[in-house]
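The first chain written gets the first letter, and so on, giving A, B, C and D; residue counts start at 1 in each chain.
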């Protein structure tokens, strides 16, 4: 047909000329542009995310934290229960590079001698400068199982000799706080995933049902959310955590705590999922899909879920630190994980009163890990939030 | 000639991450008292930035880089150059709302949702006309009556969402005219309105012009609205005025290929001429990182001349009763202007030269 | 509007009933009860009770009845007589235990709220109006840290810093000499001297949170067209900011007072334990551990009640502050 | 006076593609937490019309008059409250509203839609290939190469460059996005396309391109359009017949030219006179309507237009005017449509 052909010449050619003008670029940049034009939402998010420096720092630090926590047996010089009887309450070991004579040498430490100050009856640790102990990397230490599987006694750092290397000092039982913090990070960091995973499943499911079915189902779920959100979080956590039997093992307690944290977490998520679902249902492309005959489930799978997945990921990233804080708080109160389990919260329990802190301020160090982990997650979440909607300006 | 506003060679650039966006690249026009200038163009041509530049409310990161905006306060008095004013200073603030005021496209978002319309109108009057609150309220009520809002004594205490779209636009107009401005800038005043309401607002603007005698700059993409209301018309394309003349001249005797095609591309009521509309290929480009010398329209122009339109910038030249910027009509070239793009803006540069 | 208030208020009742049921179930969740714990602790200290004595105790505490009955007795007491039940642990009525602690809890919560506002509002306004300035960056960063630091950890750190520099252990709301003393001017002064620590600590996280929210809202509002309109009127920038965008951005701040306060109160539970405050926090902690179910249940219930009432107040405030919402309700 | 019929011959009249009778869409207004229904928004209220194969019916009206809802109801994008929608499937007029969703789904391919917003109508996460190919996939075409070939062909037809197959919507301008939407609508070889304000969001020069494209496609593929728009000039340009809506009701329907020259309803007259004319020479007097559009949740008694009508009499306040054929194929709902001498466009 003549007219159609003509229109094609007239308007078809516009496309290529048009976009060059749109972007205002010369021909040489075309391949680069084409990459941009054929980029999926995921790629656009990633490109945008990469520009967010804080978020990149966040992801790098978190990667490091998780890596170290997984290989705690390797990075921590000692086991969590290994005690150094002469080193109870010992301060962090000073790693030295200069001998008494003032010469520089490879890193070494001194052993400590414990005396009691006659006036205050306090313990005093003094350096025993008679022997220098070399600090060594990749040494052998106590046998442990890396990743619960591989038996190994290789340690990242250690001391040549029989004095302990207490990088963060020792607790009142003479255990190495550094090793305990690294081991503790495993429970603390991963409880975030567990709790968030559970609340994610619950929240997406119930929020989805609520938004999808509407009507009575929606009403019931919404009221449930109302009730849950009306009960203050921390008291509810406390009351629920108190129900965990004391005699349960570490694993059981761990999952119970995860459950407790998720009980509160899902409600907020469900509300977001529902709202997003309702908004997306109104989008024209969803109506279009219905009009050309798509089934409901297909629309949910193909259009709705992918479109709010990025929001969910953002929400989750920001929910993980909340869970970490929750575990820390509960364990700190003694309602969460119990010794012999080691987590940041459990470790901070040893710094519960002013006497303990005054004696061993280094027992606050696990707290710094909490702050760093949470901070990095916030950076990451912020970056993701900014990148999540790549089509907005 | 009683010009109240003369814009000369105005350049407003936006410094974006992707590069410099030349929203206005040498715009010149003038406005007479009691007359209406219509500025037409498609989205991205720079028509709204023109309005923002005059009032010095160009959003960040936009800057006026060169040019003059001469505003004649009275016929006799010396003109002031608004382009040299500090956008946050009291000089321009005394002019805004008092001598030059503006109405916007979306009357819902243009008014604060949590303040009554009365509050917002009275505020303007208190700023510029009278410090007396009671008098200001009376003026506001009078203005509301003038723009055709029935029962103004009651309506003055209503919130914007309580009014219909047309009523809100009337309230906006009442606010804009409350201090008897010399110039009213209307940025797409009827675009968000239904056609019957649009007719009411256009009618209102015309009758108010008769009453108040202000000059109007009406910015729109709707050719019908322009034909309806404007005495002179400026057609903008890619940050430049491509054609400028009386409404009759521009509509009946368009000379720029863009104007011509634009007029042919819209369906006209009652003139079903043939089945196909004329089209312009492509879309309006964004004036980002453009070559320094070109006719912006050459990529879409069916009459473009290679070696000419793509390498030289035509000048706006008066021929046959109105001005046009096209090499088909005159070989004259726009003089090259060197702009220091170091983000300084005109004001700073003027300051530096003064030192 | 009145109809709206009534209707909105009526929703609260079923909500509270549901909450009380959930709270009671949660409190009943731990295996065993107060008596079992009590008896075993007696046993540990060498005191053996015979069957009759135990049964007597069970009856005395009402533990022979079914859980449903216990619930109705408890709730019935609260509704009919304002009696929250008996605290096994304190051997006093729950009302008694709370009477001394609840006012102090509320006072600390309110003071924290004002601290939050006093700090957050100006900072947020400056941050938003000077976006990307050094001020903005610094406070955004501090805000991040404030949010990342659990309040109890902050309390510990402050405790340590003050102790290591001055040697004073700042715990409790009163100095030792005033702790048991009757109320007097000197006692109030003493309270002021001690109370700022918990107030600041509890307030920090809230401040950080509010700065973030308010800054974001304000940045949104600053981009709105009505700001341009106001500017085009010739309004000075500062006047304009306060009258329009700030006024509108503040709506959520004032209207959320209802649920911020309960949030601060429940947030102070852990801080109160660290700082050894005479508020409901430590009481709740001990009650949950000792399975002192009526005390624990009442505290959680009261906090939930405060939240629900707070949300109600917030809704009303919002309707009052924002004419748009008022209007929607009418129609 | 008898108007000239827009439909060329009697034979075509029998070629009905769509017949809509007494269609209603009432949205309940709920109040309180028990969701008591306190009233209804009568978005579409007792509307009847038909469409013949190959024609374009323009549906005009001001915002909130229910034209978009009507367009969506016809395709059962929104379930109508009441009424019948008969569509010709395989030569037979079938009542679509009587079908279950599962029975209707395979028939949906015959009726498609083009949307107003070129941004929200395309899933940003899908490439052009996926967007245009999706209706094929959903309707049982499984071979990827077959889908790709068909999509390339469609892109060619609507004036998109085939090499942009793998691009995502964000790479296209508004006009091009609209072309993608058109290609998607065409993919199932539909008979009817509802164009919901298909050109309103576009710049004027691009609008002309899309209007031309729509006309070319109609000719080539024997398409029937229900063209929903608020711009009367555009509707006049593209439609064979026009129907005017006012708060949920149709007030007039007839062949475009005849109706615009000689309207039979005062609202049509007012609407036509309000359109600004891009011809500075002709500043004609216009009818400026008083008052505001009626509230569809609380309609005035009698004729819903009577509070604003310059010709209203007592009967208009009391009796709802009937929808009747005032001339052959020219319908109007006004008590005085045969008496009034209304002015159209010259």
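One rule holds in what follows: contacts are C-beta pairs under 8 Å (C-beta built on N, C-alpha and C of every residue); 3 or more make two chains touch, one makes a residue touch a chain.
The structure displayed is predicted, hence computed values, not measured ones.
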Per Cα centroids, the chain farthest from chain D: C
B-C or B-D - the one linked by more C-beta pairs in contact: B-D
Centre distance in Å when chain B and chain D are each reduced to the mean of their C-alpha atoms: 34
Whole-Å gap separating chain B and chain C, where each centre is the average of the chain's CA atoms: 54
Distance from the mean Cα position of chain B to that of chain A, given in whole angstrom: 53
Where chain D touches two or more other chains, by residue: 173, 209, 212
Residue numbers of chain B (touch at least two other chains): 276, 279, 281, 283
In the complex with chain A, residue positions of chain D that touch it: 72, 75, 77, 105-106, 108-109, 111-113, 115-117, 119-125, 127, 134-135, 138-139, 156-157, 159-161, 164, 166-168, 170-173, 176, 181, 184, 187-188, 209, 212-213, 216-217, 219-220
Residue ranges of chain C in contact with chain B within the complex: 224-226, 228-237, 243-244, 247-248, 251, 321-324, 327
Interfacial residue positions of chain A with respect to chain D in the complex: 1, 3-4, 7-8, 11-12, 14-16, 18-19, 22, 34, 36-41, 44, 283-285, 287-295, 298, 302-303, 306-307, 390-391
Complex interface listing, chain C residues touching chain A: 15, 18-19, 22-23, 26-27, 29-31, 144-145, 147-150, 152-153, 156-157, 159-160, 163-164, 169, 171, 262-263, 265-267, 269-270, 273-274, 284-285, 288-289, 291, 296, 299-300, 303-304, 307-308, 311
Parts of chain D lying in touch with chain B, wherever the complex brings them together: 62-63, 173-175, 203-209, 211-212, 215, 230-234, 236-238, 257, 260, 270-281, 283, 286, 288-289, 292-293, 345-346
